[in-house]
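Same chain, two partners: chain A is paired with chain B first, then with chain C.
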Partner chain A sequence: MKKFINDPQQFVPEMLKGIALANPDTLRYVPEYNLIHRADSPRPDKVTIIQGSGSGHEPAHVMTVGKGMLDGACPGDVFAAPPMDYVYATTKLLASPKGVLLLVNNYTGDRMAFDMAQEMSEADGVTVRTLFIDDDVSVKDSTYTVGRRGVAGNFFVMKAVGAAAEDGADLDELVRIGEKVNSVTRTMGIALTACTPPSKGSPLFDLADDEIEIGVGIHGEPGRERAKWSPANDLVEVLLDAIVPDLPFAPGDRVALMINGLGGTPISELYLLYGIAHEKLEARGITVGRNYVGEYCTSLDMAGASLTLVKLDDEIEALLAAPAEVAIRVF
Partner chain B sequence: MKKFINDPQQFVPEMLKGIALANPDTLRYVPEYNLIHRADSPRPDKVTIIQGSGSGHEPAHVMTVGKGMLDGACPGDVFAAPPMDYVYATTKLLASPKGVLLLVNNYTGDRMAFDMAQEMSEADGVTVRTLFIDDDVSVKDSTYTVGRRGVAGNFFVMKAVGAAAEDGADLDELVRIGEKVNSVTRTMGIALTACTPPSKGSPLFDLADDEIEIGVGIHGEPGRERAKWSPANDLVEVLLDAIVPDLPFAPGDRVALMINGLGGTPISELYLLYGIAHEKLEARGITVGRNYVGEYCTSLDMAGASLTLVKLDDEIEALLAAPAEVAIRVF
Partner chain C sequence: MSTSLDTTEFVVRSIAQTCVDNEKYFGDLDSVVGDGDFGYSLARGFEQVIAHWDEYDREDSGTFLLKIALVISSRIGGTSGPIWGTAFMRAGTALKGIDSVSGADVVAALRTSIEGIKKRGNSDVGDKTLLDALVPAIDALEASVLQGDSGGLSMQKLAAAARTAAEATSSLKALRGRASYSGDRSIGSPDAGAVAVAVLAEQLAEAWKS
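What follows is the complex of A and B.
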């Protein structure tokens, strides 16, 4: 294993320290709970939004804390749900009188941690609601999930509720918006290679030199099919054929299109995929109203990409277009 | 080779098409010359800034075209200088009465193409100046270079002259600023793996499972040393020991610190490196005034990273802090 790490056990805290050092004015780091939170959170006039998940999916979620996005993120170790007491402590520390919204990608371990933390926080008098995200069309039930998995489409739920919360929306309204965005968001991914967790030190699964995993999960879970590599045009068609009929997205629809890199794929290939997907959607009568190309939810160093569609209406489009400021920035 | 591509010969044009489709309001694509340019360029009130290089270094330079950055980028094929006639045609198309500034990373092939294009454009009456960037401290002279190589520090020259041009600076002033920034910018990189060019289909060089290349070039050129892998703390020390004495950066200095991913390294590892570098610089009495963590100048899918320091003064810091808008954006 060749990575930029010291002790694999310190991978997550050392990354979190780097994020905090790079954003001294806007973020705070609480090492006891792997917590990265906004320096100005909690605010009495704003619902607090928290997401936790396993680490290894960066920028999700520790690098999407900021104005118009998350108030805090409390990750677990690599590919491990955050401990329940991290979520509980985070919820208490960041609690606002307007309440706390917990965002949870749909994995059994995460649900358990967040459900228990919600119960304990409520017993302490904090008003808490939880939103589950399950945008992955690849499989129903999986290695770590009952129902569908939450993957890169999570970004759109975060962005929409983050924008609404900044405008003063109350907790019920945020739940309505989040459920609405999740209900019109669909994703599927393809792995070209496996990923290597620092503590394991070797690839999580085996893919032959000419093989790919269609519908891969962001923890390397199996998808729909182990297939032979094929050209990008064909792979985009496979993704659209799975995603478009699922909602369904129909001619005349206006969508947000995201090409998300899984960690080891260069941005050149992501833009190549974007061009193909854009043209294929237009050929199906679907208009791309907003686009997102880059890394939003990764799987460590996995080479691969996912494609997400969100059906837009005026409300969702305005929330996605609202300003936001997070740790990852070009300038 | 498993990449998201169709025909390797179409890799660059298909990527460029994707960039253009993703930015219909702000960018234009001229396929004949691999040219991506701002929709509002050329402008009579602003010096035109153009950079070309081989492809495979994205986001450099086709994704850094935009307000406050480049007016246009005319890349060659992967790791190949742009043909001289591309540079010539681009210079003519985007020529402003205030002149054209060409930015060139110091490689022999690129210098030749740009020198000839400058001569031909000047013969046609265009006022042209050229700036060479050579920030890589790793080696003097290399596989493709006389003198030092231009690598990720190029970003700071682009950003500074881009900001000044937006404010109306004339060509002489931009040359002064660009030379000044280049003169206080130093970079060195480390490869954990080789990269695989689409047309070759196999890794460009061999690195054993426990080997790294210290001082690697962005085309896989050899650096200072083929070494055994070591922990991130040690690798950052190696980079700082090469970079800091070179300028030299001294106690009391204020710097911009960039951790640049080479394409296949996840952002989690880049932030881990950032935290280490930040603390080691502070321990040397050097203050990190601005930070940059992410991919700025890559080498296809190479796993690796480079570290850049820029010595700041008020003028440079103000130019780096000025607003800019490019194709790569999170929202």
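What follows is the complex of A and C.
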């Protein structure tokens, strides 16, 4: 393993320190709880929006804190849910009289930590609602799982509720909007390589040079099938064939299309995938109304990409188009 | 049977010490079909409960239990943390603001703990979990309290019911938790969580005598 790290145990705190130092005017860092929050949060006139998850998915979620997006993010260690007391402390620290909305990607550990933190915060008089995001089409429900996983599509939920909260929407309204966006968002990804967690020091799973994992999770969990590599045209077709019938997206629909890099794929390849997906959707009679290409929810250094579709209506499109300011600064 | 903050502290202390003392035994029970980390996880969490013993807010029994819940849910690893933490949290919420806790209050609080465990673990009686010992044990406690038994006798009935029910989990197939991946292989050995409940109840009944 070759990475820019010192001590694997300090990987997350050292990253968070960097984010704070790079954004001194807009962000604050509370090391005790792995918390990054807006300098102007909490505000009495705005519902506080907090997202937590494991680290390793950056820019989600510590770098998507800012005006029109999250008020705070409390990550756990790499690929590990945040400890419940961190979520509880964060919720209380950022509590607004208008309430707190917790955004949680749908995984067992995260659900437990956030459910408990909600109960404990409510016992202290904070009004809290929680939204679970589950956009990944690759996993089917089963008796022994908590259902579909939350992956890159969480960006759209975050963006929509962030914009509405900035306009003064109340907590019930944010829950309605968040549930609506989640219900029309579908994602699936493909891994070309495994990723290497700093504390493990070796790839999380074995993938031969000519193999890909179709439907991979953002922690390297297996997806639908392991297959031989094939050209990008074919792989986009595989993703669309899984995603389009799932909602289903129909001819005449207007969508947001996201090609999300999983951390180790050059942006050139992401635009190549975008071009193919855009044309294939148009050929299916589906109009691309908004487009997103880049890294939104990664899996450390995994090479690969995911494709997300969101069915747009006037309300969702306006919320997605509203301005937002986050820590990622390209220029 | 009436319970004050002193009694609550006594019960929590006994549970914490028993979990620390039984780290290896609980781990061995779990390694039959689970992943063997149950004893370790509980011991590391309850060690923290004991290490910070003098620091918790003791306004009333409920407040004290809520502080303990926070430590347990954050410091016990795996799913045991949120599940055991929820039990303490629900009991704490139910007892908050009550200065002199009656036996009926305790039973009511423990019933909310059971509902919390069911919700958090998406599980119920019969799934081969700690609920299979806890629910019959609380049933026995309730019956004893209704009869007007002494605290000591109530504890003995609670412990006896927990032991019988824990042993009976041997015939069940695990449907929740890590052990559920073992399927039919889980039949024939008792559930580690259920046995832990029995051991905790027995230690508590023993300590109550003195």
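As a working rule, the second predicted complex is superposed on the first by the 326 of 331 C-alpha atoms of A that agree within 3 Å, B and C clash if a C-alpha of one lies under 4 Å from a C-alpha of the other, contacts with A are read in each partner's own complex, and residues count from 1 in each chain.
We adopt the following convention: a residue touches a chain if its C-beta (ideal position, glycine included) is under 8 Å from a C-beta of that chain, and two chains touch if they have at least 3 such contacts.
This one's a predicted model, so the numbers in the text were calculated from it and none came from an experiment.
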Subject >> Overlay on chain A: chain C relative to chain B, clash or fit >> reply: fit
Original post:
Once the shared chain is lined up, is A:84 touching chain B (first), chain C (second), both, or neither of them?
Top reply: second
Original post:
What's your read, chain B or chain C touching more residues of chain A?
Top reply: B
**OP:** Using centres of C-alpha atoms, tell me the angle at chain A that chain B and chain C span after the overlay, to the nearest 10°.
**Re:** 140
Original post:
Of the two partner chains, chain B (first) and chain C (second), which one does A:9 touch, if any: first, second, both, or neither?
Top reply: neither
Original post:
Looking at the overlay, does A:119 come into contact with chain B only (first), chain C only (second), both, or neither?
Top reply: second
Original post:
A:159 contacts which: chain B (first), chain C (second), both, neither?
Top reply: first
Original post:
Is A:233 in contact with chain B, with chain C, with both, or with neither (first, second, both, neither)?
Top reply: first
Subject >> Touching partner for A:305 - first (chain B), second (chain C), both, neither >> reply: first
Original post:
In whole Å, what is the nearest CA distance you get between chain B and chain C after the fit?
Top reply: 25
**OP:** Go through chain A and flag every residue that touches chain B in one model and chain C in the other.
**Re:** none
Subject >> Residues of chain B defined as touching chain A within the complex >> reply: 2-7, 11, 14-15, 17-22, 55-56, 58-59, 63, 159, 192-193, 209-210, 212, 229, 231-233, 235, 263-276, 278-279, 288, 291-295, 298, 300-301, 303, 305, 320, 323-324, 326, 328-331
**OP:** Spell out the part of chain A that touches chain C in their complex, as residue ranges.
**Re:** 83-86, 88, 108-109, 112-113, 115-116, 119-120, 123, 144, 146
Original post:
For chain C, which residues are in contact with chain A within the complex?
Top reply: 66, 69-70, 73-74, 79, 81-83, 85-86, 89, 93, 96, 120, 122, 180
